[in-house]
Each structure stands twice: as structure tokens, then as C-alpha cells.
Amino acid sequence: MAGIGRKKWAIAEGWIPSWSHGPEPEMLSHETACILNPNDAEAHVEIMIYYTDRDPVGPYKITVPPRRTLHQRFNDLKDPEPIPKATNYASTIFSDLPIVVQHTRLDSRQSENALITTMAFAGSE
Amino acid sequence: MAGIGRKKWAIAEGWIPSWSHGPEPEMLSHETACILNPNDAEAHVEIMIYYTDRDPVGPYKITVPPRRTLHQRFNDLKDPEPIPKATNYASTIFSDLPIVVQHTRLDSRQSENALITTMAFAGSE
Amino acid sequence: MAGIGRKKWAIAEGWIPSWSHGPEPEMLSHETACILNPNDAEAHVEIMIYYTDRDPVGPYKITVPPRRTLHQRFNDLKDPEPIPKATNYASTIFSDLPIVVQHTRLDSRQSENALITTMAFAGSE
Amino acid sequence: MAGIGRKKWAIAEGWIPSWSHGPEPEMLSHETACILNPNDAEAHVEIMIYYTDRDPVGPYKITVPPRRTLHQRFNDLKDPEPIPKATNYASTIFSDLPIVVQHTRLDSRQSENALITTMAFAGSE
């Protein structure tokens, strides 16, 4: 037991840039949920995607192995459906074990890339 | 009940750039409060804007539908009055239901845009 | 009583760029503690600056009027002494009333400015 | 006793850019854990590095003197082994005394640098 983490997280900002500039995959515009599973057991994670004008989609189910980090690009979520580009969304990330979640976006639409990051919002559990 | 969120939030930084560079609306300089309402009911949200040298203005009232996200640009707040550009401000965002709030700014005054984001500060409720 | 804020805050990162590029004061490289005082009374704030290899300096005393925001540039702190440029530091911001503190840096050393922001770390009180 | 800080911190995002652009060391691409020790005694800090596809490495042991800040570049961690560049990782930062931890990355791969920062996630202790 690593002694750090929460089971419920949320990211209110979401927006995947619609184009990129520079060599892929490193410079491909993307949004990522960086997940740390410090536990000695697999974490089963469910992501829900919320939109402005239609019902939420999900859960997208991912597994993070014990004592591993997974930097999950939102661009790569496919099942039940991909997230459309250039569209506002938000997400919740719920896990059966305590994890840590950080949000990052690389926007390479212009010749110089722009990066943002923030810890996700942690629920009380 | 989605089980995540708080009713009181604050953003201490606020400043809308006074000009832009690039195609609108995507590249228009703006500040945004990204709000997630994970509940099964409407969230009624009141934004107060605090200034350096005059009384606060508001509340600006917005409604976020159930299980939706609203990326509210501060630029678009009009009633009771628009927020002046190139002016320091801060904000509180209070809701009758638990929500999640994230702050973002796109500054496109220069040829390459600059992006910042952070979770807003969550009150104890 | 505005019902949001804490009395103790900390920012572990601090570094004022040593030069700037572009029109002042808007494009002057700077670090800022954005402070929101949502209370109906003055907040008396004390900032301590911590360094890598010498004793902390302070307190720098500032007052934030009731229901106002103050975007305090670290560059402008003078008493008891200015903060040297291009030097690592950290800070604590303690107040007699609950406030909200957010950290911002504009780095305009290069032709395109870089912006960062994060909520400061809130103590338990 | 400074009255602020926690003993357990985590950063879910980690990625050291593989090249740089501009004068070193200021413009060298790097990731940093900015640590503030506001206590009157030494803080003994242990950093664990988590990877995507192999066991965690560490602890990397560092000491932060009383009432000092240490801006520890992940690039400079050597013992038990350096962190590979252009590789996803995450970290936990545990201390015997309450500290404050903030995460920063400078990415200078392109002609204009990109900066990101966020407070690390604080455990409940």
C-alpha cells in the first residue's frame, strides 16, 4: 500500500486540437490523463466523457498495472467511440483503487508548441 | 449522483488579453471557466467578479444542464456588465449542486499562442 | 462572510526571469501572487521568501482591502529587500483572514512569451 | 514549526525532453520538483520513479535543509540510476517532515520555450 491517491477524479477542461505541426507522435496535438497506480494490485479505471450538448459517453475502461504509470491519451480512446476533435468536453476518472491523475495538453497547431498541465480535481474518497 | 464536486470555487487570477492574433473564435484571446455538472439535475451557478479598486460585480447567473459541461468564456459574460479587457480581476463560482471548475486562458497577442490552465480552488463544501 | 478561502498558502516554485522582451509593463517578465480577499474586512498578509542557500527573508507585509483582488508581483516587493532575479526561491503567504492565492509567471525572455499558472498550496486552516 | 505542508506527494506526469535549444543551464530542457521545507529541521525526502512497463526505481534520497527550498531537477537524479529521456514516468515524493512540492517542466526543443507548472498532489497526511 503506497499510501497516496484517491478513487474519484475529474477534469473539467477538455479539447483536442484539430490539427498538428511537427513530427508525430511526439509533436502530435493531444490531451492526456497521466495516471499513477502506486498500489501492489491492478487498478480498474473507468473514464466518462461529458459534452456540452449531448449525453455523456462511456465508460471507457482501462487497466493500470500495479506500481505503474499510464499516460492515457484521450485521442486514443476508441471504445465505445472516439472523442471528436475541436469539441469541448470534460471527464471523470473513477478507479477501484486509489490513484493519482494529472491532465496535460500539447497544442502543436502553431509552429511553436503550447503545453498545459494541472492536477485533476480529487474527490473526497 | 456522480459523487464528485464542490459547491464553492474561486479563481484568484483573471486578466483578459486586450488583443488577439489568428482566426476567430478559436484563436481569440480569452479566459474560460470550464464547469462540469456531473449531477442528474440542473446546476444553478453564480459568478462574482472581484476587482482591484472597485466593488465586486455580479452575480452573473448561468445554468449548467444535468450531466453536461459548460466552458464559459469570461469574455462572454454580459449581464450585469462585461468584464473590461487588460484589467486584473478574480472570481468566485458558487453552485447549488456540486460541480468541478477549471480555469483556462488563451493568450494570442503574439504570433504563437500561450495557454495556461489550473483547477480552481475548491471550498470545503 | 464569503465562505471560501484559507489562511495559509505556499508556492514552492519561484524564479524571476532576468530579462524581458516586449513593451513594459505588460510584457515585463514577472512572477505574481494573485490574492483574492472575499471578506468584508481587510486581510493582513505576510509573505516569507525562502532561498536555497541562505535564511528566509521577510515578512513582506501587504494589505488586501475587503472584497478586492490584489495581483502582487514578486518583482515589486522591496521591504525588507528586493528578490534577486534568476534565483530559485519559494514563498509562504499567511493571512489573518481566509484568502485565495494563485501563482502566475510571465516569461518574456524570448520573442514569444511563456505563461504558467497554478493554484498555490492551501494549508489545512 | 511553519504550519504548512504534507508528508506525501505525487506527480503523475513525467517526461524529460530529449533535446534542447538555447544557452545551458538556463534553457536546458528539464523537469523539476520544487520542494519547500518550512520547518526548523532537515527534511529527509525519498523520491520513487514509476514507469509504464517496468518496476519502479528508487528511492532517490535527498535532504532539504531547514527553512530552505530545493529545486530538484529530475535530470540530475543519478543514484540508483538516471531517468531516461523521452520516456513517460511518474513520481512519489515522501518526506519525514511536512513539505510543499510543485512540478515544473521547461521544454526548449523548439526555438521558443514552453513552460508548465502545477502543484503536486498532496496526500492526506
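As written, the chain order gives the labels A, B, C and D, with residue 1 at the start of each chain.
The rule we apply is simple: contacts are C-beta pairs under 8 Å (C-beta built on N, C-alpha and C of every residue); 3 or more make two chains touch, one makes a residue touch a chain.
What you see is a predicted model, and the numbers here were worked out from it, not measured in a lab.
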Shared interface numbers for subunit A and subunit B above half of all numbers used, same, or below, different?
different
Just how far, in Å, is the C-alpha centre of subunit C from the one of subunit A?
30
Between subunit C and subunit D, what is the gap in Å from one C-alpha centre to the other?
21
Multi-chain contact residues (two or more partners), subunit C
111-112, 114-119
Examine which chains touch each other and state the graph shape they make (line, ring, star, complete, other).
ring
List the residues on subunit B that touch subunit A in their complex, please.
2-5, 26, 32, 34-36, 38, 67-71, 100-102, 104, 111-119, 122
Touching residues on subunit A, where the partner in the complex is subunit B
8-15, 50-53, 55-56, 86, 88-90, 92, 103, 105, 107, 110-112, 114-121, 123, 125
